[in-house]
Amino acid sequence: MKINGQVQKILSHYESDNPGTKANLARILMHGKLGGTGKLLILPVDQGMEHGPARSFAPNPPAYDPHYHWQLAIEAGLSAFAAPLGFIEAVAADYAGEIPLILKCNSHDVLYDEKDPMGAMTASVEDALRLGCVAVGYTIYPGTVDRRLLYEQLQSLTLDAKEAGLAVVVWSYPRGSGLSKPGESGVDVTAYAAQIAAQMGAHVIKVKLSTEHIEQAEAKKVYEKYNIPISTLADRVRHVVQSAFNGRRIVIFSGGAKSDTETVLNEARAIRDGGGFGSIIGRKSFQRPRPEALELLGTMMKIYRGEMQ
Amino acid sequence: MKINGQVQKILSHYESDNPGTKANLARILMHGKLGGTGKLLILPVDQGMEHGPARSFAPNPPAYDPHYHWQLAIEAGLSAFAAPLGFIEAVAADYAGEIPLILKCNSHDVLYDEKDPMGAMTASVEDALRLGCVAVGYTIYPGTVDRRLLYEQLQSLTLDAKEAGLAVVVWSYPRGSGLSKPGESGVDVTAYAAQIAAQMGAHVIKVKLSTEHIEQAEAKKVYEKYNIPISTLADRVRHVVQSAFNGRRIVIFSGGAKSDTETVLNEARAIRDGGGFGSIIGRKSFQRPRPEALELLGTMMKIYRGEMQ
Amino acid sequence: MKINGQVQKILSHYESDNPGTKANLARILMHGKLGGTGKLLILPVDQGMEHGPARSFAPNPPAYDPHYHWQLAIEAGLSAFAAPLGFIEAVAADYAGEIPLILKCNSHDVLYDEKDPMGAMTASVEDALRLGCVAVGYTIYPGTVDRRLLYEQLQSLTLDAKEAGLAVVVWSYPRGSGLSKPGESGVDVTAYAAQIAAQMGAHVIKVKLSTEHIEQAEAKKVYEKYNIPISTLADRVRHVVQSAFNGRRIVIFSGGAKSDTETVLNEARAIRDGGGFGSIIGRKSFQRPRPEALELLGTMMKIYRGEMQ
Amino acid sequence: MKINGQVQKILSHYESDNPGTKANLARILMHGKLGGTGKLLILPVDQGMEHGPARSFAPNPPAYDPHYHWQLAIEAGLSAFAAPLGFIEAVAADYAGEIPLILKCNSHDVLYDEKDPMGAMTASVEDALRLGCVAVGYTIYPGTVDRRLLYEQLQSLTLDAKEAGLAVVVWSYPRGSGLSKPGESGVDVTAYAAQIAAQMGAHVIKVKLSTEHIEQAEAKKVYEKYNIPISTLADRVRHVVQSAFNGRRIVIFSGGAKSDTETVLNEARAIRDGGGFGSIIGRKSFQRPRPEALELLGTMMKIYRGEMQ
Amino acid sequence: MKINGQVQKILSHYESDNPGTKANLARILMHGKLGGTGKLLILPVDQGMEHGPARSFAPNPPAYDPHYHWQLAIEAGLSAFAAPLGFIEAVAADYAGEIPLILKCNSHDVLYDEKDPMGAMTASVEDALRLGCVAVGYTIYPGTVDRRLLYEQLQSLTLDAKEAGLAVVVWSYPRGSGLSKPGESGVDVTAYAAQIAAQMGAHVIKVKLSTEHIEQAEAKKVYEKYNIPISTLADRVRHVVQSAFNGRRIVIFSGGAKSDTETVLNEARAIRDGGGFGSIIGRKSFQRPRPEALELLGTMMKIYRGEMQ
């Protein structure tokens, strides 16, 4: 694996990390059809835990089987596969080394649906190591009452991961009592969520695509005074990437609520044009029939590679 | 102990586990009259703690004695015996090696009866090892307010158990403020509970048999849209097994409220026909006189072996 | 110290324990005037902490001095002496080896009197070892809201104690929001409390003598249906002993509210006749003048030895 | 340092402690002008943290400087100097070995003034060791809702201290929701507070001088029934000392609200006459001009030495 | 690096610290244009986390990039740079050794804005060591309900830091339910906050400049009775420095709400004239265009060096 210039430049932003972590980041950046482009496309499958199995997999029943997802990710040539402990254990040995694995270390379910979700630690760095993963993942919910507990759990996980030479991927999802419903995807809140993850030491940050809504009054004054461009999706991607150390951290995006193909592709275009590092795409891929999913993912990667508008 | 093909296939689903854990799973799967069939029948006796001694043992007073249960399990040829620390300690040395033991590591009592039960850690992996157990057991209550604490305790227990080469059996019992009373045994909730346990790394998952009730509105839409078959008990068993990684995890069932013999046997038939891996049956066996219990258990195992309809 | 048959039989119920723990149990069972009988009479002095010094010791002022109790226990020929850290430290070195010591590791005071008492950990297994104790003691309050925290503290203490070759004595005192005032000493609740302690791995269980009151509706049905004898004190002792693994665990009793000599002796007779393993008697002994206390304790031991009706 | 008989007798009450702890107790008992008398006079300066700097030090501004206190304690010939981490660090190296140091390991401030104070752990046994202290100090607030957390923190501190050969000084200050305002200094409550500290393993117990008020109804019955003398301050000192293992634990006193010289001296006389072990005196000494403080402290020590009435 | 007399005198106040910590304090005191003067000017950049990225960096967009701040601090010749984990990691390797680094180990964000802020531990001493930092930083909020948890986290961090030879910088910011809004910057509260940090073992204490407001009634009596001078800003600086062990601890100040240049410079003059040790200045520097920031910082340092009035 010869690291090319684009990837070397990204890795140079992580100079304080040890060679183990940098090598694992490189494994993601050099894998699959986007390998070497500095872009990423990751398949995350935690929806069985987060929303329940039928809601996640009934639209495409083969997806009940963890092997389905792994095979999809490999065949599509994606950058990495992310899932909770059970799914990773179900395939790690069978497909050892075929695709970089990200172990999601906390999870949340909706059998009790609280205003301020917390999630629970459900896996550890030890699990990631024994299962051959390149990174651990963790979800924080900025805006919740007890986010402090999440941040401290992430702090501990991050410390362990970096000592073990793993990378850290943070899902930063604003939620909870501190925010209105539109505020959860407001551009100011999303940029703030990216900054929080970056300041906590994340190597890769996953946020949702944001809207033009500005949630916080103090922030609104600043956006207006300095006339920060946020009217297009690409503008907002650019602002969020800037908010994560001016592009020195990898920021990837998951889509909005709509999921027809053209919307997904337009989102990919906006991510690319705004300087985003790629997408993480779950239900929109595995809930389609396999051939359609492969085509969609393939097209997205062409957009990221610049092979099509 | 020569592992046959059926058991080898099941063990192949646990490829990421170490040889110690796989050997302990094999010990359960190869033991007793169902040894080698891929089916299980387990005797759990935690009711003294969970409901009180008189309610549990007065119907059949010899059952106050922990030796009674062990002997019943051995004589019946069951797959394993599961109990809290005290019961296991009371018999482990006397009957060392005669039947696989599962140490239930958390317990709950009803001297204070809360809407959102938590249980308490009452034993550990160290205890399981010193007592010669093949597995640890733990009960989670999805749907409760503080389930996060339970999940994190299970996470820690699971990590320790897997490092020690033990198997992990999770009782996944939906309860609490997040659910209506019928919702606790709704098919969507039961399938979700199986998924949660599977994602958390359980090797064996114990759920209750479910009803046709669908609890969550979002789930209901999916069950209707995709016309998921749930009208018969066997249908629901099949759906729950599918929800645990499409059959890649061992799912066993405890019965509903009725306990006449014919109901129990019909439930066993439904479990078998739906692709379930067997039963865990406590009060329905040890509250009967010993000969009746032996006959019932024997008949169930014939059903699971396919020796009778 | 030659272990006789009666004691050997009792020790055989603890076959899963290591030789260190069994030796320490034997030390209690072989000590004093009841040594070798399989019966126990223990002096506990934690009332200074639990109720305050004046309420405990003013009736017999020499009892303010920890040496008083130790000397009383030795002179009377009791089986063991139990107390919190301070009292044990005050005498352990001066009387090293003269009587088995039980270190009470949690304590509660009534300067704030809560409905759901918790107690606090006030000593540890390390203390018990450095002070030459044979056992640790711990009080649980089944029926309280947060009993889970107590059970988990006991679990940890028990694990440490058994690894260190110590015995575990559990005071199981139903209290709190889950119970009515009469319910705290109801026979169903007391039997349940004994079962809980037994399931948690206690070697010796201390409960209060119970009344005919039945607290829980579900239990009441069972007591009536199966016509469980509970009308005499001896009946209730028998039922509680049965509820602790059918006599496989040592259960000892503290008295009811009355404390005239005849009542105490009648209680001892009931404990003996019901198959109880003895008494733990604090205020009723040390609040009397020393000669009266010695006589009372002597008489109780005669009853337990079967030397008088 | 030749230990004389009076001190040897006191040390004999701590026979269960290791030689390190006994040597450190001896260092306090043999130091300064009261060395060898079995009496103590300690200077505590935690008021900057507990009440704020201006309230503590503005009456005598040189007292803002930690060196001031140390020098005062040395020049006056006191037994020991007690303070939080910052003050101890500020002088420990400069005056190493000149006076025994007690590191106060928890602290409370009144910038938020709660009904049930908790305090926070602000130093540790490791700090005490690296700073050359002879003892650690800790304040408990019996009567508060969450005193359990304090007791458990003290338990852990005490265990560490005794293993490290340090002595343990407990400030036992009744406070909180469980008590009326007069109850905080009631004689029953004060005696109970001394007992609690003693039972938790304290070597030296600091309580406030108490009033004739009796707080708890159950206690009141006993004080009246047994006619316990509590009408003079000396009576109450005697009762409190008796309540701490009949004089087997060192109990020292801080004064009431009044602070004119004669009151302070009369209190010292009462402490002496009641068998108390001495005083701990902070604001009453350091808030006076230095010469007055030296005179007051000198006079108190004469009283304790019996050189003046 | 030859330590001059002024710095040696300051270091002599930290005699109880190990040579590692003293060397790290010396590194800060000897660095940059104020090196050797005993004064400090520190650039802290935690506002991205504390207030959000746009509010912090939009006024001067190059400041989104962590490299901007580092370069600013180096070019200006400041004493040290302080930031959360992410910012430190982003530059530590590239600029290793060029300026002393302070790792802020806890952080707070305002996506949920609580009355009693807590913050979260977001970095550790291990991080500080691997990143080559000279000190750790931590923010406490005296006046908040649960400040106890903050103090205990700081206690643990401080212990680790001192063992590792690092210095400890404490941001002591009164907030929360215990205080009125004006009280947060009242002179009594600010002095108290400085005392708390000092007593907890901080080497460097950062407080805000205070107002004449006196918050606490008990304190007000003392300020009036002893006529403590607080009418000028320099008076209040002097009082706060006195409240931190009479000048034996380094106290630095951040400015008030106004931020025009003249105000900032006048504040620097007051800090100097009141005996303060310098400033910590974030938004007021990095939100200006770079040339203006360099000029402002340069002028401040001239004031501290006494080169201009």
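Chains: A, B, C, D and E, in written order; residue numbering restarts at 1 for each.
The rule we apply is simple: a contact is a pair of C-beta atoms (placed from the backbone, for glycine too) under 8 Å apart; a residue touches a chain by one contact, two chains touch by 3 or more.
Nothing here was measured: the structure is a model prediction, and the numbers come from that model.
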item: Any chain in contact with subunit C as well as subunit E; value: D
item: Numbering shared by both copies at the subunit B-subunit A contact, with half separating same from different; value: different
item: Cα-centroid distance, subunit B relative to subunit C, in whole angstrom; value: 36
item: Separation of mean Cα positions, subunit E and subunit B [Å, integer]; value: 57
item: For subunit A, residues contacting two or more additional chains; value: none
item: Subunit B partner contacts - residues on subunit A that touch it in the complex; value: 46, 48-49, 51-55, 58-59, 61, 64-66, 84-94, 107, 109-114, 118-124, 126-127, 130-131
item: Touch list for subunit D against partner subunit C, complex; value: 13-17, 142-145, 147-149, 151-152, 155, 159, 163, 174, 176-179, 188-189, 191-196, 198-202, 216, 218-219, 222-223, 225-226, 228, 239, 242-243, 245-246, 248-249
